[in-house]
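Below you'll find a set of structures to go through.
The two complexes that follow have subunit A in common; it is paired with subunit B in the first and with subunit C in the second.
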Partner chain A sequence: MRTDELGHHYSRQFNEELETLRSNVLEMGGLVEEQLRRALRALVKGDSDLGEQVVEDDFRVNRMEVSIDEECSQIIARRQPTAGDLRLILTIIKTITDLERVGDEAEKIGFLSSRLASQDRPENRYKELKHLGRAVRDLLHRALDCLARLDAETALVVAREDALVDEEYESIMRQSITVMMEDPRTIGRVLDTLWVARALERIGDHAVNICEYVVYLVHGKDIRHLGDEDRVVEEIASNE
Partner chain B sequence: MRTDELGHHYSRQFNEELETLRSNVLEMGGLVEEQLRRALRALVKGDSDLGEQVVEDDFRVNRMEVSIDEECSQIIARRQPTAGDLRLILTIIKTITDLERVGDEAEKIGFLSSRLASQDRPENRYKELKHLGRAVRDLLHRALDCLARLDAETALVVAREDALVDEEYESIMRQSITVMMEDPRTIGRVLDTLWVARALERIGDHAVNICEYVVYLVHGKDIRHLGDEDRVVEEIASNE
Partner chain C sequence: MTRRAPWSLIVIRLLVATAAAIAAGLLFGHPALWVIGVLAAYLGWNLYHVVLLERWLTDRKSPHPRDAPGVWGRIYAGVGRLSAGGRDKKRRLNRVLKEFRKATSAMPDASVVLNGDNEIVWINDIATDYFGVTKSDRGRRIDYFLRDPGFVEYLRRGEFERPLAMLSPVDGDVKLSLRIIAYGEDQRLLLAKDVTRERRLEKIRRDFVGNASHELRSPLTVISGYLDSMDGDSGLPESWRDPVREMVAQATRMRGIIEDLLTLSRLEASQTPADEETVDVQGLAALIRKDALAARSLCAAIELEFESDATIRGAESELYSAFWNLVQNAAKYTPADGRIVIRWSTDESGGRFAVIDSGPGIPEEAIPRLTERFYRVDKGRDRAKGGTGLGLAIVKHVLQRHGATLDVDSELGAGSAFTCHFPPGRIQAPTRSAPATTEAG
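The block that comes next holds the complex of A and B.
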């Protein structure tokens, strides 16, 4: 399905409304990505002020969620969309919920970074977290890109790559336990870094959710929870 | 708004469809509550099999989510609801997403309980977690009850009580750090109990989300992120 086939609009105006909606969601996505980028920068640079700024700015993300959600309800009530158009709007309603929660996780990372900034940073400057953070940002960015381009094939690939994020998270977890056992005085600080890792891992999950919505939107198939995405890839391939 | 005023249905059949939808959501809620109850029982009793059973049964929750979600899309497409009916359906779409994630957290607790069962249980039999678990189950149950009875006033009260859950969670966190520092050999096990506490805290957040949806449904006001629910209570009171 291509963008221009998304529905059978009975008016150019409706088409424009849907385009505005989509661009608003992508704008919200951009804001959330920026929040995450700054939260990670605050961590790596030990910049307490920046961390606090991220916390303060979370309201912008929340405000966008409420406003887009309202827009979606109004469009459904006014235009009574069906098929592809309705799927697009329902996809957007779900996507912004996930984006808002990514914003919450970024806020959490901002808060933790701010708190960690008052303590000695480890010699490696949180190299593992930086690495995990980059992987997660990449995942989120590509998930949003799939939504922008309605690219279900890539969405399936991106969804699968979350496994790498989970592996990195598990590895950070194991390392952290070793560090804490060797020097129990570090427990408070290391736990804070573990919460950062956990927040990043969750953001990866939200990116996967967005990818799954894109597949649903494009193919009208709900692939959530199938537990075997290969089957869906094959099915889609065999339908083409 | 009372249940029977929820919309201006042009057909008795539509009314019945909405009732079925609502009762399906409450059934899903009941299933999720049961999963949580069993996961906590597995923890407290050190019952590894029960923990694994909870993990295995999560697919039931997921299946219900997909099926109700599909039902909602179909009703919107076929009935083209507006106003209160549309709000009800959008509320349900959001609620089942939260319930599915509560199911995921229960699954996580089941998994951790199963893993913890192979280790010595602490003398107090996870008293604090048991207590936190009871508080969270109560919160979730009451949130679902508010949805069943479309009781926005109680929903606001329940949403506020999540602060108590957060306090208990913070207290468990502090105690855990002390325990780990005193005996670093416990770190692995204590971290597992911390993840249980974290999962419970998250379930509390999902219960709050459901409460907020109920307020939106009943009053058509989006109270999410206002950060000051008292203001909404006053506003609602002054409108009556």
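The block that comes next holds the complex of A and C.
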């Protein structure tokens, strides 16, 4: 264990508890990433079985959330953590909520994919959704990497990249409106794909939340709802 | 030149200096003052060199002390030799280390050294490309970065006999094959290879076999259709009867091969594990026995021995074709006066479906190759027995999909036993306890 991160307690057991907690959260993150990957694959390949399986497997994500939540409250009750440890526990409690939501969005994509699989596929085979999905997966992956490394600087960079995802979502929206106006028979299908895009956009937002929690964990600064990120970054840099 | 002992060097110099001081004292008066002065100068000279040596030892940047007369010269030379030797050794070690690093970095596979807590100790550059883990992540746990649930489970289980297939977390299009090798005390080496190309080639091969078999099926159906009607035609000249009958037999055999190839490619193509229906092994075995007896006019006696009435969770149609192939093989090689036993038993290590025959047995060197496609133990004899040469390959694939393994036990002249081991997770305890039944055929 790296001594610069968590291993600063006299109680070895406490160190281990915190370390286990963090590895459980990252494991849950891995599970959610996998769910998202499979849901997107189901969409692009038109594999309805895979989509249904994603829906079925969502319970595993939920189960992990409950068990990590339980561990956190156990630690709070028994150890009364303060300062950095308290921030770690708070960060974890919030992170798993976001991860669980990401799991729900992946479940939604899985469900929509299995429904879309039975319909005609558009000529471009959901190319733009595939692209958006890749960007969102990358965002989530890097957010979790930041949590693994406790890397607040990269977290700020990742959080800002969500703007690109939002832009792409907007463009899919505009495109879909055009398609629906041109051929009203596609409305049913296009609405479903819009829901998928919406779910992906939401996942991007959850990834940003996780990045913000990392900044909070490392620097003790809450940067949510500030807007003026540059100032915060400067301030954080000056604290270093 | 012989080397004088250091003490003689010191003592003689001191004596000479003192004697000179006394002589000067006698000449100019105040001998005691002269002696004190010379001794003080000698002490000062010594202290000066002590300071020089100390400064050079603590601060490597200051220059190497010059040559000095007497014992100090020898001390400087000795220290200089020591440090030069140390430098040489260090340079040599550095070179070896650099070369070792270069070699490991040049390895085409990603390699990560892990300690007992799965923390990263050392990685090479390719590991950064494949896993997105950087050198600054040393000391962090590997599963923080390789979060794929399959990998986490693999690491936790700690059974590393089989490599793990995984997608690269950096680039989802790259397929990796991971191996973990334990070595030393609590150290592990994680190796990952890019198998994207191999997997694609494999898929192309699989698709080719599947498509080719499919394409061959339709023309063959037409040919056998005509052959069948010719065979049944009473107006066929007598000289044509035998050739037509032979053609019908060969066409049937060819259809069998194509069907088996299609079954195999279907089994290979599906990635998901087998379905989980409840398969009644006793019923299945009884059915297979009936079918096997019906398929051959002259067949060895087939006995059923059930020591358990547990069921298997699996795909019934696949298990049927696997068991059918085993029984079919046994029936093919066992003479009509022989005996075939189908045995089903379970214990805590799982379930065993065994087909035991009293046939000619299989030479030991052939056993590992039995499940290869179109492998034949005895080239001449087997052709006459018919069969497609794909039966045991199908068995292997079906069992793989059920997490089961095939054990072959054989003795030349005494018979063979083919045993399918099913893991406990696939076995379902019977809901009712019935006495073991034995049915003779």
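Just so we're on the same page, the second predicted complex is superposed on the first by the 232 of 240 C-alpha atoms of A that agree within 3 Å, B and C clash if a C-alpha of one lies under 4 Å from a C-alpha of the other, contacts with A are read in each partner's own complex, and residues count from 1 in each chain.
Just so it is clear, contacts are C-beta pairs under 8 Å (C-beta built on N, C-alpha and C of every residue); 3 or more make two chains touch, one makes a residue touch a chain.
This structure is a prediction, so every number in the text was calculated from the model and none was measured.
Colleague: Give one of first, second, both or neither to describe whether A:Pro184 is in contact with subunit B, with subunit C, with both, or with none.
Modeller: First partner only, subunit B.
Colleague: Just checking: does A:Glu34 make contact with subunit B only, subunit C only, both, or neither of them? Give me first, second, both or neither.
Modeller: In the superposition, A:Glu34 contacts subunit C only.
Colleague: Quick check on the superposed pair: does A:His131 touch subunit B, subunit C, both, or neither? Answer first, second, both or neither.
Modeller: Neither partner.
Colleague: Contacts for A:Lys94 in the overlay, against subunit B (first) and subunit C (second): which applies, first, second, both or neither?
Modeller: First partner only.
Colleague: Between subunit B and subunit C, whom does A:Asn62 touch in the aligned arrangement: first, second, both, or neither?
Modeller: first
Colleague: Looking at subunit A, which partner touches more of its residues: subunit C or subunit B?
Modeller: Higher number of touched subunit A residues: B.
Colleague: Which holds for A:Ser73: it touches subunit B only (first), subunit C only (second), both, or neither?
Modeller: Touch status of A:Ser73: first partner only.
Colleague: Within the complex, which stretch of subunit C touches subunit A?
Modeller: Per the touch definition, subunit C meets subunit A at residues 117, 119, 132, 137, 139-141, 143-152, 167, 169, 172, 272.
Colleague: Spell out the residues on subunit A that touch subunit C in their complex, using ranges where they run on.
Modeller: 1-2, 22-23, 26-27, 29-31, 33-34, 37, 49, 134, 137, 141, 144-145, 148-149
Colleague: Quick one: in the complex, what on subunit B touches subunit A?
Modeller: On the subunit B side, the touching residues are 59, 62-63, 65-66, 69-70, 73, 76-77, 80, 82-83, 86-87, 90, 93-94, 97, 177, 180-181, 184-185, 187-188, 191, 198, 222, 224-225, 227.
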